[in-house]
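One structure, as structure tokens, below. Some questions next.
Going by the order they are written in, the chains are A, B, C and D; count residues from 1 in each one.
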Amino acid sequence: MKRMTGHRLFWPAVVLIALLLANLAFTPDFFAIRVRDGHLYGSLIDILHFGSPLILVALGMTLVIATGGIDLSVGSTVAIAAALACLHISESDDPGSLGTVLTAVAIALGVALLLGAANGVLVARIGVQPIIATLILMVAGRGVAQLITDGQIITVTSEPFKLIGGGYWLTVPFSILLAAAVVLLASMLTRRTALGLLLESVGGNPVASRLVGIRAAGLIGLVYVVSALCAALAGLMISSNVSAADGNNAGLWIELDAILAVVVGGTSLNGGRFSLGGTVLGALVIQTLSTTVYTIGIPPETTLVFKAVVVITVCLVQSPVFRAKAARRRSGARHGNRPVASKKLEVGA
Amino acid sequence: MRAQPVLEVRGIRKEFPGVVALDGVDFRLFPGEVHALMGENGAGKSTLIKVLTGVYESNGGEVVLAGQTVRIGGPLEAQEAGISTVYQEVNLCPNLSVAENIFIGREPRRFGMIHWSELRRRAAESVAALDLDIDVTAPLNSYSIAVQQLVAIVRAVDVKAKVLILDEPTSSLDRDEVRQLFTVLRRLRDQGVAILFVSHFLDQIYEICDRLTILRGGRQEGEYLTSELHQGELVARMIGGELTGLAELADAARTEPTGKSFLRAEGLGRRGAVEPYDLAIRPGEVVGLAGLLGSGRTEAARLLFGADQSDQGTVKIDGAVTAMRSPRTAIGHGIAFCSENRKAEGLVGELTVRENIVLALQAARGWTRPLSRAAQDELAIRWIRALDIRPNNPEALIRNLSGGNQQKVLLARWLITDPKLLILDEPTRGIDIGAKTEIQKLVAKLAGDGMSVLFISAELEEVLRLSHRVGVLRDHRLVAELRNDGTLTPERIMSTIASGATS
Amino acid sequence: MSTDTFLSGLTRRGRGQIPMLVTSVLLVVMFAAGSVSYDGFLSGQVLLNLLIDNAFLLVVAVGMTFVILTGGIDLSVGAMVALSTMISAWLVQLHGWPPLLVIPLVLAIGTGAGLAMGWVIHTFEIQPFIVTLAGMFLARGLCYTISIDSISITDPTYTSMAQTRIPLGELFISPSVLIAVLAVVVAFVALHYTRFGRNVYALGGSEQSSVLMGLPVARTKIGVYGVSGFCSALGGVLMTFYMLSGYGLHAVGLELDAIAAVVIGGTLLTGGSGYLLGTVLGVLVLGLIQTVISFQGTLSSWWTRIVIGALLFVFILLQRLLTSRRRS
Amino acid sequence: SGGGSGDKASGGGDKQLTVGFSQVGAESGWRTANTKSVQDAAKKAGINLKFSDAQQKQENQIKAIRSFIQQKVDVIAFSPVVESGWDTVLKEAKDAKIPVVLTDRAVDSKDESLYATFLGSDFVEEGKKAGDWLVKEYQGKTEPVNIVELQGTTGSAPANDRKSGFGDVIKGDAKFKVVASQTGDFTRAKGKEVMQAFLKSQPKIDVLYAHNDDMALGAIQAIEEAGKTPGKDIKIISVDGVKDAFTAMAASKINVVVECNPLLGDQLMELIKKVKKGETVERRIKTVEGVFTMDQAAAALPNRQY
């Protein structure tokens, strides 16, 4: 088992390391981490810092995908959570107080919970296909976020709120700690309890899962709620990082990045087996990729071509079939795998 | 000997990561013969067939077709080379109609377009040739696994190939269908088709096969003429030892338990599936269900488990009316249901053997009370040993197991939940004779310890061997309940089915 | 018993059609509601505009239907549409190539790109999502490498394609509508009356079974991405007619619209089940929602989104409830 | 709510004017202010405004204009998503005898008769103004000036034009060097992220040119976190002129803001009335826009409306 998980994460890790090394070639002190003003400072820290929201969203997405679903609404949830929290803080008399910030966080998470539950009900109870069920919220949710912010950017100045996405704790960016804590919690929840097994079963064979008595509807509802909560946390991070809520742009297209992270992490979109570690690696790969674009100085008009090349390389490297084919080509004629004779088959009469 | 073989393999070797499935197997198939491939579960029969038809690439050895060494790149090439195959699990498309499943890839066409009416007409004809009366325009997944198996056979037979390979085609079939199938096979054989036949039913082998090849543990044990090898010896060569008898089982079944019934169905029915029926099962009692293909045995059982919703009647458990809203409710009341359709309704292919075994138990405990890893391992290893599941590695992915071994895992899944009522729908499907005996003994023992069992099997002998009472279904109606008092024979059940009356 | 069997046989056969029926009825209801609420809504031209304005989406969604029926997905379509407009504009406008050469070339490029993606998906067993996502990045990126700006087309062939009105009595349609309808008809025939089409369904039902049944899985799988690539390129050509320009930011998010149209039309994302005509209905639903919004005309940007979401929600909910009631 | 009240009331005495207005979307605070200005002005002028949001898609805008034609509005006004590709639909409008007024962005149509007039800013001009300020600021200095640029959404008209206008001006002087240029998608979060990477990969940055205020505001945070002083260690040029930017400028964090005025509602309504009456109007009407520097910021701040 241990060897297998090791295997599963091996290739995403290789890709991540390769990307980091590529950066090192362009920026010699890329790996340098200094302490500045009592904060850790360096490119690697940035990657983790900016990658944290994506890690969170991708984490929730992994669980949804494990059940064979997909959640397109996370971007809108990010925006709604950000907007709600910032609105509450900016309208309160004492934006700097911890109480205000805690209520703001509670409001954001509470609403996200409702949104996730709505998705869950649509998918699990009413039986709408996940992509459409969540598309509804994706479209409408962005409107709701804009409605909350009145289409403007709400700027907030609140020290405790700033901590969530932009602050530091024990020299480490708080968002990294928060993301790490959520990752840890999620892996405990899925691997220390039976949740992981049951989710994989529901995603792997829903019919059989019903017949063994798994409460699939409940589980599916749960993953959409978790996904929405993760997205809301990410939304708080994103808005806190820039001290502003942007209903129009916060979390725009993050669902695509999150799904990509999940897939790069080796979880199949068909549901079933999932790997949270893989997802974290996948999210880091994507964030590193963006950073690489900035550091190498790839012009914006070729950025996408570059990304395409990297993504396809990543897939190929991860594909066992590709590796096998490449290995076979390298070992040339030596392989004895094929039957001796290879006369082309004639169509029988 | 006779003419040259149509198909011959020499020294075939096939390795999977960690398993050598075939190790230097030789095998010949002559035109105009029915040739049985025999062996225990996991012996390598299906793998050999898949290598023959190009599904798997072999790691050595050669395939000779009509005297020429060939490389078959896949099922498509095999088909083009005149090899038609029914693989072990039903491998058809559940979403397509029966007619399409029969003809897909070689649909009749007119002006380059698929000629639908012709296709339907011909499909109906082919289906009728096997004495099947079904609507060929309905999607395949609306039919039971047995019908699907027949459709797969129809498809393979219809191709008019030189070589016909059938991997356990009869595992879900009743005697009538088997008889029909054999008629067809004999006709084909007489036309010179070479037929490769796999089955765990010895009497079927002796009825239809001219020659047999025995595989044991991935090696070829030998090739024999059926007429020259008697049953006992065949079994001994397959399992490499003696098989202990079944006689005492039948006796144990006679003493019928008394007492209050654990479960009682009253007027339970579902429109379009089963007509209202009454059935009671006492603790320690084994009730068999008999009936023809599509008679509604599975559907009757599914109502008891809440897998389908009943729309009439009630279920009483320990005397209290219970609404079977979902399998979860049923499980909560100590009912277990092992489905006949293991691929669609049983296995979670990506999970390991261990995980598949503990799944039902874990689901019943809920996700907050996980079984510890040690407990899981302990359970898995115990049942792997008890049912002789091969390979004996609890971490193997279940989809890589042989059909029979998968079936054993599913059985284990339900046995560890220690249910009060165990519903077994074709539990011995695809299981070899050795293991079948073990399983039957196990069921008898569990019943002896007080478990109620509802036992459904297409093999009447098996039903009779285990059951105290046999419910007979016909056309979705429970027509009779027969006491297994020693006088009950398969023939009497058959005649009950035929007359449709209580006898 | 016989009535039971008969009935079950009937529902068995009819089951597939019910969602389509429900969807069409809901569509009519929606149109009726629009007609009651807004002046000028109840006119044939509004209906025809639905087709004129969504011709390219329709074509793209047709291609997407093939892919989704096999259980795959193609995220590259929007970017391929943009790339097609870009290549057309670039070659015709900046290099003076004749349209009659450019259009087939664009179609060939689209088909080729689709086939290439299909090949990668099949040979290396990589998830379609990620391969076509890379395709999406690549196609958009290529747009920008050609030009960051939007390129206007003034070529007479293109302008006449754009501005020709084919009269239908009082009303009119554009040539693009004819092309789109033709694409639908061809695709319908291909899906329901050719082996390729049936193999598409089989592949979606079970890939493993398709392999074991000896169906040409590789050809089919690569083929559907080719079809989708072709349809995106054709959609791109239609969009070039519609916009008379090539631009890297054209058709952003079109893939989502296409997928939504296919799925609203009743096709299962898991493959194997669905109808092409459902896709047509899906496109009409999306178009009609937009028409309603623009007739309403008083919605702010965010209320626009919220109302689109809400209408979609109501539609999906009704569709779902009505079909499932019928089934049980 | 943000929407109009939806009253179909027939307004004042004479026949009420119905105007179809197709907006690009709601992608930024600037845009929202623009929308609001148009909506408020319409209400004030007693014009029945049919508003349609294109969500940044040209195809949606074309559809909206078609539907306006269908609804027989009196005048169509719109802010084109891009410049090209409007001929067909504008011709349809012309055939239906509905005059068209462009706002905010122009269209590049050869046929001048397709629209009556164009009211709005000139993005190239804005880029030039930004460049002019820079040239003036570094007049007489000789040491090289390293500039980083935060571009808007790749391919969008303001990004393209602000880049090229700026580039044209500084091209003349070899000491100006754009050492890094990336897109920040017009958002704060992206602006901050990209700036943070720039700060690590570029050894020396003298000037930041951001295509809009939001990116500049994001970048300021990154600069501060890197221990530098925005406005001093790194000079910042930004475009748009939203309130937050003025606040930052008043705090000496932004050196100069090139205004791009979204509040053209009243002007637009005037124009529309004129056009409807058949009066001749200028083909190109520029909105009043200024360049604000640090010292003017505090004074201008109270007047900022958005």
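In this section, contacts are C-beta pairs under 8 Å (C-beta built on N, C-alpha and C of every residue); 3 or more make two chains touch, one makes a residue touch a chain.
Everything numeric in this text was worked out from a predicted model, so none of it was measured.
Student: Measuring between Cα centroids, what's the chain most distant from subunit B?
Tutor: Between subunit B and every other chain, the largest centroid distance is to D.
Student: Would you kindly tell me how far, in whole Å, the mean C-alpha position of subunit D lies from that of subunit C?
Tutor: Going by mean C-alpha positions, subunit C sits 34 Å from subunit D.
Student: Which integer distance in Å separates the CA centroid of subunit B from that of subunit D?
Tutor: Between these chains, centre-to-centre, one finds 71 Å.
Student: Between subunit B and subunit C, tell me the centre distance in angstrom, where each centre is the average of that chain's C-alpha atoms.
Tutor: Once rounded, the distance between the two centres reads 43 Å.
Student: Two or more other chains in contact with one residue: find those residues in subunit C.
Tutor: 144, 148, 300-305 - these are the residues of subunit C that touch more than one other chain.
Student: Show the residues in subunit A shared as contacts by 2 or more other chains, in ascending order.
Tutor: Only 146-147, 151, 300-301, 303 qualify.
Student: Touching at least two other chains at once: which residues of subunit B meet that condition?
Tutor: Subunit B, residues with two or more chain partners: 80.
Student: Pairs of chains that touch, anyone?
Tutor: Applying the touch rule to all chain pairs gives A-B, A-C, A-D, B-C, C-D.
Student: Considering the complex alone, what residue numbers of subunit A touch subunit C?
Tutor: Counting only subunit A, the residues touching subunit C are 68, 72, 122, 126-133, 135-137, 139-147, 151, 247, 256, 259-260, 263-264, 268-269, 300-309, 311-312, 315-316, 318-322, 325.
Student: Considering only the defined contacts, which subunit A positions touch subunit B in the complex?
Tutor: Of all residues in subunit A, those touching subunit B are 1, 192-195, 197-198, 200-201, 204-205, 207-215, 219, 272-273, 336-349.
Student: Mind pulling up the subunit C residues that touch subunit A in the complex?
Tutor: Touch list, subunit C to subunit A: 120, 123-127, 129-131, 133-138, 140-142, 144-145, 148, 256, 259-260, 263-264, 268-270, 300-310, 312-313, 316-317, 320-321, 324.
Student: Please give the residue numbers of subunit C that touch subunit B in the complex, ascending.
Tutor: By the definition above, subunit C touches subunit B via 1, 4, 7-9, 12-13, 16, 189, 192-195, 198-199, 201-202, 204-206, 208-216, 272-273.
Student: Touching subunit D in the complex: which residues of subunit C?
Tutor: 39-40, 43, 45-46, 49, 52-53, 56, 143-144, 148-154, 159, 162-163, 239, 242-245, 247-253, 290-291, 293-305
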